[in-house]
Amino acid sequence: MKKLFALMLTLIMALSLVACGGGEAADDGAADDGAADGAKVVVFWYDESDVYLSSVRDALNKEFASLGITPDNQFAANNQTTQLDQINTAIAGGADILVVNQVTSGASDTAEDIIAAAGDIPVIFFNRAIGTDGSDITVLNANSTIAFIGTDAPAAGHMQGKMIGDYVVANYDAIDLNGDGSISYAMMKGDEANVEAIYRTQFGVEDANAVLTAAGKPALVYFDAANTDCYQVDQAGAWSAAAAKEYMDTNFVSYNEASGNMIELVICNNDGMAEGVVASLQEKGYNVEGGHTVPVFGVDATDNAKALIAEGAMTGTIKQDAQGMAAAVSQTVKAVVDGAAPVDALAGLNDARFSLNADCATMLYVAYAPYTGE
Amino acid sequence: MEQNVLLKMEGITKTFPGVKALDGVSLEVQRGTVHALMGENGAGKSTLMKCLFGMYVKDGGHIYLEGKEINFKNSKEALDNGVAMVHQELNQALKRSVMDNIWLGRYPTIGGIAVNEKKMYNDTMAVFEELGIKVDPHRIMSTMPVSQRQMVEIAKAVSYNSKVIVFDEPTSSLTEEEVEHLFEIINMLRDRGVGIIYISHKMAEIKRISDYITVMRDGQWVATERAEDLEMNDIIRLMVGRELTNQFPPKTNTPGEVYLQVEGITGMYNQLRDVTFDARRGEIVGLAGLDASGRTESLESIFGIRTRKEGKITLGGKPCLNRHARESIKNGFALLTEERRATGIFGVLDIKENTVISSLKRHKRFGIYLSEKSQREDTQRYIDAMRTKTPSQETKIRSLSGGNQQKVIIGRWLLTDPEVLLLDEPTRGIDVGAKYEIYQLILDLANKGKTVLMVSSEMPELLGVCDRIVVMSGGRVAGEVDAATTTQEEIMTLAAKYV
Amino acid sequence: MTNPVANLQRTAAEYKKMDQKDQKRFWSDMILNNALYILMAIFVIYTAIKEPSFRTLGSLANLLTQVAAYLPLALGIAGCIVLTGTDLSAGRVVGLTAAVAGVFMQKSDFANKMFTSIPEVSGGWIAATLLIVVLIGAAIGLVNGFFVAKFSLHPFIVTLSTQLITYGIILWFFALNGNNGQPISGLSREYKDFVGGAMFRLGGVAVPRYVLYAALLTALMWFIWNKTTFGKNMFAVGSNAEAAKVSGVNVFMTTMLVHTLAGAMYGYAGFIEGVRAGSVAASTGLNAECDAIAACVIGGVSFVGGTGKISGIILGVFVLRIIFVALTMLGVDSSSLYIIKGAIILCACALDMRKYLVKK
């Protein structure tokens, strides 16, 4: 009996390996079709569960399919070393082009390591920045086999800040719940170390204040005077709704309407966190029909966020263009695979959604757009 | 007669690696009788019962209950069929209440979901009243003395309407009064037609309570007789199978000067009080007493693994602090513990590792490296010296028989070059042949001038091996006797002194 | 070590004596006991046929490099498992020590250098930094060991606590000196060369120096486990702590030392990790202990306690890395990779456990 059981275990183990072999057979066949174009395209994602990147991946897979390319998607579970192991393995496995969504955003050293490992193999970085304060441009200008497709990291922050400023100026008294003449806000940061999070956290407030000051209104005030950081961060670095909701729930205990110090505005680094904040507010009777609406702003324009905006539970978001990102990446990859240098591939893209960095011809930005409802 | 047979075990055989634990044993229990099962430790009584309850799978033989062949897979199934056991070591959920324990696994429920506490309470009280037990069903098991917990176990057996109840050494931790109560209950059960198997070492009890006696020896059935037809000497003769004198090697050691002095040991967390005695070079001193009389605690206090509040240990005139095992070993002490499996062997490690663990510094080279060669030599030397039966040094110790495990551990201690050996039940769970070898070993050590302190629950063993016996009672020394001239009665009287 | 030839001869002799039923049992036992390795061999052959690039020298170099990177952590954590414990703090300790090493090893002309007062990187400074991070790791291990040994707390609880505390320290560390949580970049060339510099090339793929270091560490650990009093005591405590105490083993010290040694290994792993990732972020080392524990249990370091071999740990790491490399090359998506990994750990341990169940 025991032995029978043990045999079954062995069988399960064998099956799990064979199962992957089977799945592989299908993949392999498809890859062979792709190989007609002579290309083995491997895409490295920092994590499989990121909402925005999932929509990019969806779009990208479709774009690649229409170009006759079958990409091999690899996920690093938010671990840079895992990603490097995957990259090295892919290189050993004969990849023709690496499309990298770098885990440690803003680390130019890591990008350089990847480029060095790749040697002559072209590398297209996308979405997550490969350097801060111009170090990304240095890296890009020093290597002819690479390119970066992303968003201008500060741009989302600037755009969000302006949107918030405009909205607050127009609705000042309605927002000022306790009527003390100043508006207290909360800020939800997605990841302590992510450059985009850092820019959004900074400019989301700075630019809003600039608009307010220009209109002769007092600047926003962070709700908790004791917190000199002026933000609350998802400690797991996951930009998660759960973390934002927990913070908001905790904030409510001491900051609420009854004690006259209610948070009157919430700025979030992404829509996921904004969703968490809205959920928390709704539990307390805000942002629902007939209740007061605390304006909540996010970034990404995910489907959920759009729905919330349509309901009136959320106020605005910044649209990260997943389709545009996918189009830019797929077309660049296709051009490079067909023999173009990355710089020419980018130059060949003809689309109003894209713009090249002024100082770097291999850095392409996909535009953001404010979104406050259709 | 035949229709009166309740339980019939026929030709039961069970083999363990290296040991034939049961060899065609048969046993018949009749309705409304108490059937005593006797034999030395390792005679196979417990194994036979474990086969009955399905804890061991028997290799051969048949078991019939009321004429129907049965083959229980576990004790739960046995219970459901009316065969219960009151264990020597109680298996109870100590953190739960009395009634939880009685109804465990078959809680009365309301609608199949919620436990019906009220019914459980009432049913428990009904059983208790019937048996004359005065225990609150809500009481937590761990707060009660062992005797009461045993009563609960009996009540549980009764609550299953058991036809056969096995009592395994039920009186070992009971006071005289409690024993009387237990016997009343047993008599009552007998009158109701329950068949009782009673396992005990205590002759007087057996003579009092039982109707039939079956004696086992070395895993074999020896005799079944009516109790009134057997005298105590007959039983001993049947159990031992030879004259008592042949059971022990001839005593050849001659005690020298006083070497170990133990003065006024009082335990911090146990009942030891003012334990004082001494032992000579080349002397074997026995520690006798009932269970929980403080024998084991004395040895462990001397060895420093139990905290002493007061007391002095002197070895050859030199005071020894013995604050922990390491210090005691350094001072020349060695302790063979009572619970071989729990505190003696390293089950998953091999013979070699088990042998050398206490004497690693013998093998150290260059201050750090342990020589493989010298470890192997030491191990082999003691395998040979003790005639340990093992396929190789790499054999895992848990696959050896109890006697061979014990030899390995004794070897471990001899390698530390001890002057004083503290042996706690050195022959427990070892078959008769191996016991003789262990006795010989103890005598040889004494002959070499070592001092041996030996705890044993087997009176004949103490009388046969020791020079002097210190009798303990209630945590104190009740007296000292000369092993050559004393009697079991004298020792028993002393053992009861402070109970 | 016993003579393998003699062992084989003995087994063969015993085999001849068996009857047919026992011979059948012998083979089925043999297959079950080695099921994992047999399957891995089949899997490797399959992958090699299916994916020609898998059987190149470069691929071997890549595999070796990865094994060398994951081995130190597994070697450290294995001691804790031998004591029937575990260590959940390993990954975070790697994160912290990687961060410290990273800060000490930043280029002096790097614009975002966290502490400008830290000297220029030299050979001596690299050695000092290695020593410092190993000591930091050992110190955290010492704390783990102390609480486990002194208060008889389960290592699960103790190391869960130190994991959180260490992460707190990491976040605090990353916010120092206006760094604001940014990854630590600008690692000096000397440091990178010392750790990751190519020793030689296999099939065009560089084999970094830390492969050599991993080999040396493995030899050191083998020595400690098999040839020292401490090693013997560790197995004794893991097998039966009570018996070990009675036998004169210093259980407290042994437990402390095992955890301290483990911590020192994490410190070394952290020293390597920064160079491997190219930069250090607050999330560096996250969940690294999971792979290490998995490698140990696959390699037969059992939670039963008192059992395990260095060779088993190496095999365990190899198994995990082979699965990773092969499945990556075959282009299997990572959701199935997780499922396969989980299934293999579960089955390997269940089969391993067969050896410890008492047969009745």
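By written order: A, B and C. Residues from 1 in each chain.
Here is the rule we go by: a residue touches a chain if its C-beta (ideal position, glycine included) is under 8 Å from a C-beta of that chain, and two chains touch if they have at least 3 such contacts.
Treat the numbers as computed from the prediction; the structure is a model and nothing was measured.
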Interchain contact steps from chain A to chain B (minimum; 1 if touching) | 2
By CA centroids, point me to the most central chain in this structure.
-> C
What is the chain whose Cα centroid lies farthest from the Cα centroid of chain B?
-> A
Just list the two chains that share the greatest number of C-beta contact pairs.
-> A-C
Indicate the whole-number Å distance between the mean C-alpha point of chain A and the mean C-alpha point of chain B.
-> 69
Quick one: report the Å distance separating chain B from chain C, using the average Cα coordinate of each chain.
-> 44
Indicate the whole-number Å distance between the mean C-alpha point of chain A and the mean C-alpha point of chain C.
-> 33
Under the touch definition given earlier, write down the residues of chain C that touch chain A in their complex.
-> 28, 31-32, 35-36, 39, 42-43, 46, 50-51, 53-54, 56, 58-59, 61-62, 65-66, 69, 111-112, 167, 171, 174-175, 180-183, 185-187, 205, 273, 276-279, 281-284, 286-287, 324-325, 327-337, 339-340, 343-344, 347-348, 350-351, 354, 357
Would you mind writing out the residues of chain A in touch with chain C in their complex?
-> 2-3, 6-7, 9-10, 12-14, 16-17, 19-21, 23-24, 27-28, 31, 48, 72-75, 77-81, 84-86, 88-94, 103-114, 132-133, 135, 192-193, 195, 198, 233, 235, 237
Can you name the residues of chain B that touch chain C in the complex?
-> 55-57, 303, 305, 325-326, 328-329, 335, 337, 342-349, 353, 356-358, 360-361, 364, 368-370, 372, 392, 394, 412, 416
Residues of chain C touching chain B in their complex?
-> 1-2, 223, 227-229, 232-233, 235-236, 239-240, 242-250, 304-307, 356, 360
